[in-house]
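One chain, chain A, links the two complexes that follow: it is found with chain B in the first and with chain C in the second.
What follows is the complex of A and B.
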């Protein structure tokens, strides 16, 4: 009995000691102040100010010396976005009638053991779906109207006033902070983290106001076009270096004064294009997943329209 | 002097963090645990950020960023806890046995 009681504290102490050892070892093997830099870091420090007029060596590496890597990463992300959008796209409007759903319905019925199972819904969820379909196009987002204590399904499309108020206060601050990350070239990474922050702002708005309210503002077509614009800008900038200076990702833009918004030349332009590319790409992916939903055919309406000839 | 004040404020934050961690481990149900984790951020992290502001000054590069993060945490942390707890209550997650107040239920029944 005493042994069982001691098991948890012993195990806890052992784990804490192990973590403490690892952290201690890490702290004591950190490079000292005067330690020599690795070659890549030294090179970045040496060329950052004279060649690029930037005081952020990380950006010099990401968008300058290693611009080709970032280029590859960007288009990997683009390919992933295209993949997700293609897989999750909703049914397209058709010009011709193929009737494959009607033709396959007999087989489907056999597999599912009759319609009832496939189409069975609880009355509450059916009513909620009906409601959702009814105000698909217009109207302000619905607030939670059911009382906190009740057990009925939540039909609200927006969250409570606490959440909406908090997010309304925070979202502008976060959006400005995100753009700031990329606009002044001092923050490591520039456009990549800034794009992720802007996606976070869109997600916060989605959480507070619901999918439909946000999708009225964040339109898929606009996002897709913006993303392609960002990608085209990146290709243009990089190839310009190849054509004009004979080297991919070489600087072709005038360098501004150090520590101003225009310092960094091509680094800043690349970073800004990256901001557009990453924020629109991530938002597209998230909204593609969110709007997947169920995409079943309304069998009744099809029967009315096309099944008459049979 | 300035550094001493900063260290004192950071120590206050650390104490609240410690008590919050103990609370998360020891509290009996979700609602009380959420309360502890909320305190961890509001009274644990924000004093540390304020300590940075005191040590470096509010308009310095470090201080201004710390203020920004403190503002975001200050607003978003209660909002997140509120949404989490509300969803938990809607899902019907029970309070610990021996809880004495359940105002929504009293309102519903009374």
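What follows is the complex of A and C.
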């Protein structure tokens, strides 16, 4: 039976109208474009040069004045990445003996008298394993009866030579621009946008050369380790301030001359770690998402037996 | 005229909310959430704006100004720019989580219609 695309549109409209009325009333109380700057913004600009030797107040706020906030957001990002990686994991081959718990309890109760010893499997276990092996060796990944979407992302092959050539020329420039954004921390940029730019470079390579070619270079294990390294560096930098200076996120690194790449001290190190964290995190999310595709549910009856309860 | 931006952000938020409430297609619900998220970026950037101001940047100040005069002068709010920067990245990752869940649901139920996802109902 065909369903209407909208679910209770009138009720939805009523609720949205109520929210819109509240938001409309709230808008008039917001500060306008002539309002004085908040004290925290003024403070950040005042301390940017004397305290951090940086000429970029936004970076000073992200990694300095509100460093604790950024610290929390970094781990929110990490949690999201871990979530995606866990949800998108493909089925792994079983490594233990099936029905191990049943066999063990029977053996403990002395029912089998040592029949299961010496590597011999019970008939139930052997049958269950054989069934699973048949499932696994049934050829290519199972297709659903009615496919939702296509499997193009996994099977995508390289694009034309024009696109590949263009991207081959542009990608190194973009990669350097991304690193520049983080390295020249005294001008607009920083680890967050730089990480997004580097992810863009990987995505361009994916578009040009296809999933298979890029996944040979962009390895999940390496990215996961790099991501954890970035997170560990951020924790180390922030906690070092607490241990050495008595304040979380306090600067413990030497401050270079103003308008040099070493000028921010801890800001620069935090920004570089954030670059690693964001670029590897977003790349992991996107590639985990693109690699999902071989775990289609086989059929409804099978689903009812095993799938629904999971 | 910054009020116009505020209203645009509120309208964008309501549009996203309407999609989340009334649509059955899970992809459209995720799109609605992304729209609501984007409205906050517009609101934060608009809140940071000050009429006639310069960027909160102490390198190469505009003619006739020094970094120290800029600190006390008319500049855009850097704190809200910070919020926007981090929110964009977190937004991408969170949308990734939503979409991954949608793909898993599609694989399990062979449908992306919210009405077909009934395993948790009673």
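Operating definition for what follows: the second predicted complex is superposed on the first by the 195 of 310 C-alpha atoms of A that agree within 3 Å, B and C clash if a C-alpha of one lies under 4 Å from a C-alpha of the other, contacts with A are read in each partner's own complex, and residues count from 1 in each chain.
Rule of thumb we're sticking to: a contact is a pair of C-beta atoms (placed from the backbone, for glycine too) under 8 Å apart; a residue touches a chain by one contact, two chains touch by 3 or more.
The shown structure was predicted, so the numbers you read here are calculated from the model rather than taken from an experiment.
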So in the superposed three-chain picture, is A:278 touching just chain B, just chain C, both, or none of them (first/second/both/neither)?
second
I'd like to know which partner A:256 touches here: chain B for first, chain C for second, both or neither.
neither
Can you tell me whether chain B or chain C touches more residues on chain A?
C
Partner chain in contact with A:44 - chain B first, chain C second, else both or neither:
second
Just checking: does A:61 make contact with chain B only, chain C only, both, or neither of them? Give me first, second, both or neither.
second
Per the contact definition in the header, classify A:167: touching chain B only (first), chain C only (second), both, or neither.
first
Go through the superposed model and pick first if A:177 touches only chain B, second if only chain C, both, or neither.
first
Chain A positions touched by chain B in one structure and by chain C in the second:
148-149
Mind listing the chain C positions that touch chain A in their complex?
1-3, 6-7, 10-11, 13-14, 17-18, 21-25, 47, 49-51, 55-59, 67, 70-72, 75, 77-79, 81-82, 85-86, 88-90, 92-94, 96-97, 99-101, 103-104, 106-115, 119
Contact footprint of chain B on chain A as seen in their complex:
147-151, 154, 159-160, 162-163, 166-167, 169-170, 173-174, 177, 207
Give every residue of chain A touching chain C within the complex, in rising order.
3, 5-9, 11-13, 15-16, 19-20, 23-24, 27-28, 30-35, 37-38, 40-42, 44-46, 48-49, 55-58, 61-62, 66, 69-70, 73, 76-77, 80-81, 83-84, 87-88, 144-146, 148-149, 186-188, 190, 192-193, 195-196, 259, 278, 281-282, 285-286, 288-289, 292, 295-297, 303, 307-308
In the complex of these two chains, what residues of chain B are touching chain A?
68, 71-72, 75-76, 78-79, 82-83, 86, 89-90, 92, 104-105, 107-108
